[in-house]
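What follows is a single structure, and I will ask about it in a moment.
When the chains are written out, they are named A, B, C, D and E in that same order, and each has its own residue count from 1.
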Amino acid sequence: MSGSWSIKDKARSLGLMKNEDAGSDVMELAAPPLPLAGDRFPEKPKVTIIDYSDQSYHEAEAKEVAECFHFKDQPTVTWINIDGLHQMDFLEKLGSCYGIHPLVLEDILTDQRPKIEDYDDYIFIVLKMLYYEDKEEDKTEEEDGDDLGESSLDMDQVSIILGPNFIISFKEKEVDVFNPLRDRLRTAKGKIRRQGADYLAYSMIDAIVDNYFLIMEKLGDRFEDLEDVVVSDPQPGVLPTIYNLKRDMLFLRKSVWPLREAISKMQRTDSHLVSEATKIYLRDVYDHTIQVIENVETFRDMSASLLETYLSSLSNKLNEVIKLLTIISTIFIPLTFLAGVYGMNFRFMPELEAPWGYPAILIFMLMVVVVMLAYFRRKEWI
Amino acid sequence: MSGSWSIKDKARSLGLMKNEDAGSDVMELAAPPLPLAGDRFPEKPKVTIIDYSDQSYHEAEAKEVAECFHFKDQPTVTWINIDGLHQMDFLEKLGSCYGIHPLVLEDILTDQRPKIEDYDDYIFIVLKMLYYEDKEEDKTEEEDGDDLGESSLDMDQVSIILGPNFIISFKEKEVDVFNPLRDRLRTAKGKIRRQGADYLAYSMIDAIVDNYFLIMEKLGDRFEDLEDVVVSDPQPGVLPTIYNLKRDMLFLRKSVWPLREAISKMQRTDSHLVSEATKIYLRDVYDHTIQVIENVETFRDMSASLLETYLSSLSNKLNEVIKLLTIISTIFIPLTFLAGVYGMNFRFMPELEAPWGYPAILIFMLMVVVVMLAYFRRKEWI
Amino acid sequence: MSGSWSIKDKARSLGLMKNEDAGSDVMELAAPPLPLAGDRFPEKPKVTIIDYSDQSYHEAEAKEVAECFHFKDQPTVTWINIDGLHQMDFLEKLGSCYGIHPLVLEDILTDQRPKIEDYDDYIFIVLKMLYYEDKEEDKTEEEDGDDLGESSLDMDQVSIILGPNFIISFKEKEVDVFNPLRDRLRTAKGKIRRQGADYLAYSMIDAIVDNYFLIMEKLGDRFEDLEDVVVSDPQPGVLPTIYNLKRDMLFLRKSVWPLREAISKMQRTDSHLVSEATKIYLRDVYDHTIQVIENVETFRDMSASLLETYLSSLSNKLNEVIKLLTIISTIFIPLTFLAGVYGMNFRFMPELEAPWGYPAILIFMLMVVVVMLAYFRRKEWI
Amino acid sequence: MSGSWSIKDKARSLGLMKNEDAGSDVMELAAPPLPLAGDRFPEKPKVTIIDYSDQSYHEAEAKEVAECFHFKDQPTVTWINIDGLHQMDFLEKLGSCYGIHPLVLEDILTDQRPKIEDYDDYIFIVLKMLYYEDKEEDKTEEEDGDDLGESSLDMDQVSIILGPNFIISFKEKEVDVFNPLRDRLRTAKGKIRRQGADYLAYSMIDAIVDNYFLIMEKLGDRFEDLEDVVVSDPQPGVLPTIYNLKRDMLFLRKSVWPLREAISKMQRTDSHLVSEATKIYLRDVYDHTIQVIENVETFRDMSASLLETYLSSLSNKLNEVIKLLTIISTIFIPLTFLAGVYGMNFRFMPELEAPWGYPAILIFMLMVVVVMLAYFRRKEWI
Amino acid sequence: MSGSWSIKDKARSLGLMKNEDAGSDVMELAAPPLPLAGDRFPEKPKVTIIDYSDQSYHEAEAKEVAECFHFKDQPTVTWINIDGLHQMDFLEKLGSCYGIHPLVLEDILTDQRPKIEDYDDYIFIVLKMLYYEDKEEDKTEEEDGDDLGESSLDMDQVSIILGPNFIISFKEKEVDVFNPLRDRLRTAKGKIRRQGADYLAYSMIDAIVDNYFLIMEKLGDRFEDLEDVVVSDPQPGVLPTIYNLKRDMLFLRKSVWPLREAISKMQRTDSHLVSEATKIYLRDVYDHTIQVIENVETFRDMSASLLETYLSSLSNKLNEVIKLLTIISTIFIPLTFLAGVYGMNFRFMPELEAPWGYPAILIFMLMVVVVMLAYFRRKEWI
């Protein structure tokens, strides 16, 4: 979930989590040892509470879990955002206050496919947020990723719990696509403050899907650069970059495909938590998701083409090199032979004695060169 | 939306638009800053109004928005065509007069998949018009497209609003596939003047789909040319052309596939805006769309073959070059060795003293050449 | 529709037709300028009328359209076959007599996917007839097809109008798969004369589908030949042949796939024009169509394999050539060096003075050759 | 249907049969000239009759058709097996006695996809039996198959007519997977004698499907062998073998896929001819069919990999050869040049006069060699 | 089922089993010779009985079949686990005691696709357990697997019979993913002891699916290693490893895909044996299965990329080698020719007499070298 984009880490995090889970039966223990997503962040999670209505707006950073509790029964819409998933008791307290099922808590902490599940009292939404990694921050992970190229696509799982008048969102990293959303809430811009929690949820999903377009723009840039290089100057160094791009594409695809189904499900839900007005907006997000999927598929097709084109480009280059070798060899090897012949030490070689011998052989050699060059010219090699 | 066909620009325009959109919440502001499609065209949009019935025909170019308004309540069919999407207030005024939903206006200004949406009072249709770019016009964009080949496929989004007695169409560029349609309206040719707005909408869709056949004809020409070159003379310069063709195919495909679904939806709609008589004609367009899709798929399969064939063709050529090198080397390297042997300065080399030495070695060399040539002839290399 | 199999011509005919169509609105004009399929055949269309019942049989070639009219109201089954689609007024008169919709007439004249449409009074069937072109006849078209190989697959569109007691069939070319059918009608062989027009329609479809098996047999022959050549002797000239075969396969596929759907539709139709007894026979044709499709798909898979195999075969050949070059070079380059050493003119080279010098170096050279040959033998290169 | 596995023969037999069929209208003639499957077997077909009940068992070889007739109305289960399909009148008499539709007889004689058809009074089942050809028997057919490799997969069509108390099975060849079944009937082993004709039909289908596993085992063996060779020693001779394997896979696939559908249909049939008890066993066969299909698909994927791997393996080998050539050339070409320099006949070349000249140049040459070897060693070429 | 992962063994075991089965009709004989899975384990099967309720816990290893019988009618949940499938009478006695259908017993002993079948009284579940083989144990099988690489993925079929209050599980090997499960039962950890047999079945399925994540982690490790090697240093030895990885992926896929369907079926079953509470947990397992499938597909796509990348990497390397050869040849061949010219023995070669001859030619040679190097530098070859 966190960290680098490499398959290895991915699989490991998955594997380990699932394994511990299998052995721990977390849902029942008094103090459940929830699977630990990562011990690399020993600090407390950052909890931001935004409480608003059409008229009021309140924003605070919570130090204690208890600070979140009293918002539950207020008519205003409350958005509790938690960055960092490493304090288990925090989550559990929050979960028990807001009546969240242990299975949901477990899902928040483990890697999930994008999905939307309806638990009557609340809707549980899992999304994947993609972003280009800030190279300065994650020095440690770059090491094993960098030798293969420049893959900098990273992913964070965003879990959203949509209740009647609250939203609780969970992320691991602070990198945030929700900032513009917060600004709109703060400045009372747009109708967002007048709408309910479901509209806020829609806005969050929309922000994440819109972010995919940005990612695709960056992938598109990398594509353009690669295309130029592949066709004009197929350096060996391009190979890992192409390979990496294909890998990124596959993972982008894995994040986006299930999203379509999930949003479609949310759009058709019977839940009272999603108003009809919001469903219209969800249709819009759904359209965007389809557009993202189509673009991803197009990228995928083109990245396949790119590798084949690279191979052809290499062949072209090889042909050029071999042609040069052949031209040089074909011209000079016969000449060298000729020189060799008149370097022989036979006693009776009449040409050697003739005064015209040397100029004659030089002229003959020149003629050979001219004929060869004419031949190559006709073949359009030179 | 406008401009070059490159992925990069595509993604950027998308990305930026979506982004601004996410931050602006346009649907509510008093003076909504509608996402700007491009500042490159600071001139006013060109608005053409055609108002006709079976008997009457009126055509004018509107300077002010207000000129469009009074047609709304007339029984005659009105076709308002807007080229250039860069004057926001114009669109808004028009939108509020004709009761067009802000979401529709937003869709007109952003890149959409081909689709048909039914808004009770009107039907909103989005189509992609493809055309080969006029090289003289778009100098600036050619620059980053030209280094990779000769892709000149361009796209414009055509949005059509079909009301009970009016059509409003939006395009960015003036390049126009609707001219024959206008001629038919002007000259009262065909039944088009006797039919309602839905028949006009059908005629517009038909004109766009028919245009795809023209595009495919041009792609077919490029294919034919490429096939000849690829098989007979696989120049390196062909590679970007093939790659470009594949890319064009992918984008053509992306424009055409959703169209099928959209037309099928319009054909099966319950809306009172589309008469049964028109639906029969839509079935015809639907058949054409299927035909376009099948052709695109065939082109796609063949462009894949083309790249593989190119690679094989390169291998063929390499084999030829290597064969030449091998023939030359195999003939002259042994000869050079022989000459080298008799160029050695050993004191006791009886052959060197013999008068038959030189002619003998020359004859021997000739025999070597003959044997080698016979060998290559038998191998069918020469 | 007519002429060569090349994409270019295909697209052009389509494009032009569609284009003219868009501008002409043919369905309404008093004298509709029906899209012209080709001006290459200025002669009159050949119209054959076969009128039969269980007892009677009448066959004639019509000079005038009017000759066809009086058959309409007779109880006997009438089969009007028109070869050549270039006399517009002829078609129109026929159409108006038999009550055929202008859209159907237009479809007859333009390229259509195989389809079956039910127009209450009659059923309109479009099929593709494939055949191997007679090289002697179509000199003009061979020119642009021949440079790429030997593609000789050609296609003609057969349109069949099945009425209660008549069949009207339209083709462009006289090449005819219906001759055996006519023979059976003439000789009163089989139950065909006792059955209605729907059975005749079935027999025509069956004849066309059976013809596909013949086409596939010929493609299979070309495959067999290619396989041998590709594996044993990968000449460059094979490449266009493979490419052509793949292209033929794609077009064959495009003709056959929609057929399946069409026949299935006809089999399940509610129309009174198709009797239950005939539907049973249609099931048989449907099974054959599936079989054709499966064979086409198998061919397609194998033609993909063929290109890959060709590439591998080329690599094999390249390896052989390079091996020869390496063997020759590896043996003679060191020897030449040795000869060069003793060709040096140093004053103090004791070996040169020794009487055993020359034989010694010769023996040493021989040893080098033997060692090298042994090395290559062990590597199984020679 | 019979004979070799090559596409050509396949298509030809199909094509010819269908063609004759189209011209002959077999279903009506008094003495219908049923399409002839092959004139290679002029002997009479071998007809075996097994009649059994729980208590009785009777086995005989029939000389005349009439011998089969009296079993029809007996309560015991009768299995009539016909090997060889070349005596038309035999089949017709049998067909008219047991009330078999002429279409079914035609299907028995022509190549069909595996299918199951319900004709109320009986169920008609077509299956493909695959086996490895006995090389000793079919000398004539090996000739055109052998040049491309060792494909020895052969196919026979087994048609089964399941009536209330009888089974009639048709095959062309005597090679028989039904022998174990006969043994079980003879020895009264298992419950097979106590069950009806439908259980016997199930047992026959099961025997054929089980046989597919044996075929796949043999294909698996060929795979294993190929894998070793392809990776370790990519001889050119491997190429046709791989290609053949792919072709076999495609045909195996074509035989197996429709089987699934057919068995599923038989399992869900309403016919009184198949008891519920037998349907449970058919579910088992269905599961096996799915397993066969999955294995075939896996083989197909792997045979695709195999060709790509072969190509890579060839590239590897080429690299090795080229490396050797480069090492030899890079070492000796500079040395030869050096020797050449001191072979020049300039009058004033001070080195030539020096007594240390010769040893110095030899030492220098040695140094060049050492440096070169070190360079290649560092590059891990040697 | 047991043993190595190679196709050959796989197919053989399948083939042989099926064959014997076909001939033996096992379901009826008094002493049924159940198909023998393998004679390599002549020891008795290891039978572990765990009997538990919320309060009690009993664990024992059974020596005799009879020990298992009395648990049948007790209200406690009984889990009978059998490792080793080679004692036929044992299984039969157990089967007859617990009322298990002979077909189920046969399925336990033969290779099956993962599936779930409802037999009213019990549910029969077949799963595939994958694990990395312990190299120390299976010496014999390594031999034929090792020459192609390092494939160490192994598979065991786990059959589970879920009755109202008992679970009987069958495996061939003792390697066990159920150990954590046993620990949880022993220590009364989690709610597992309070739940019924269906929850135990869920826990077992969950343990197996979770194990797939571990397998994928290890495959991911192998991928990472391969990626580095393929791109940076394409050794020939990598080829079998890639090929093996692809093969492993295909088999992993074959194990996982049917699982999805099976779990989905169990989740939607009407059987009273699966409680609604357990079905919710099955939904969780289903989600995990989907995730596994998506990962497998991603791996598959990437392994295809890997082979193509390898081929490109080889081409890169070849280009490098050829470049070196060309540089050396292009520099020295002309120089050698020059030296050859002045090694000719013509009597009248004025340069040879000149005192500046030797230095002049040396300087000229140097110039040639410099020009060549500059040329290669400009081409960025060196």
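Rule of thumb we're sticking to: a residue touches a chain if its C-beta (ideal position, glycine included) is under 8 Å from a C-beta of that chain, and two chains touch if they have at least 3 such contacts.
Since the model is a prediction, treat every value here as computed from it, not as a measurement.
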item	value
Mean-CA-position distance for chain E and chain A (Å)	27
Whole-Å separation of chain centres (CA-atom averages), chain A against chain C	44
For chain C, residues that touch 2 or more chains besides their own	308, 311, 315, 318, 322, 325, 329, 333, 336, 340, 343-345, 349
Chain-level touch network, classified as line, ring, star, complete or other	ring
Ring of chains, enumerated from chain A in the sense that reaches chain E first	A, E, D, C, B
In the complex, chain C residues that touch chain B	6-8, 10-12, 14-15, 18-19, 21-25, 27-29, 103, 111-113, 115, 144, 147-148, 236, 239-240, 242-243, 246-247, 250-251, 254, 307-308, 310-311, 314-315, 317-318, 321-322, 324-325, 328-329, 332-333, 335-336, 339-340, 342-345, 349, 351-355, 357-358, 361
Touching residues (chain side chain E, partner chain A) in the complex	180-181, 183-184, 189-192, 206-207, 210, 213-214, 216-217, 219-221, 223-224, 227-228, 231-232, 284, 287-288, 290-291, 294-295, 298-299, 301-302, 305, 308-309, 311-313, 315-316, 318-320, 322-323, 325-326, 329-330, 333-334, 336-337, 340-341, 343-349
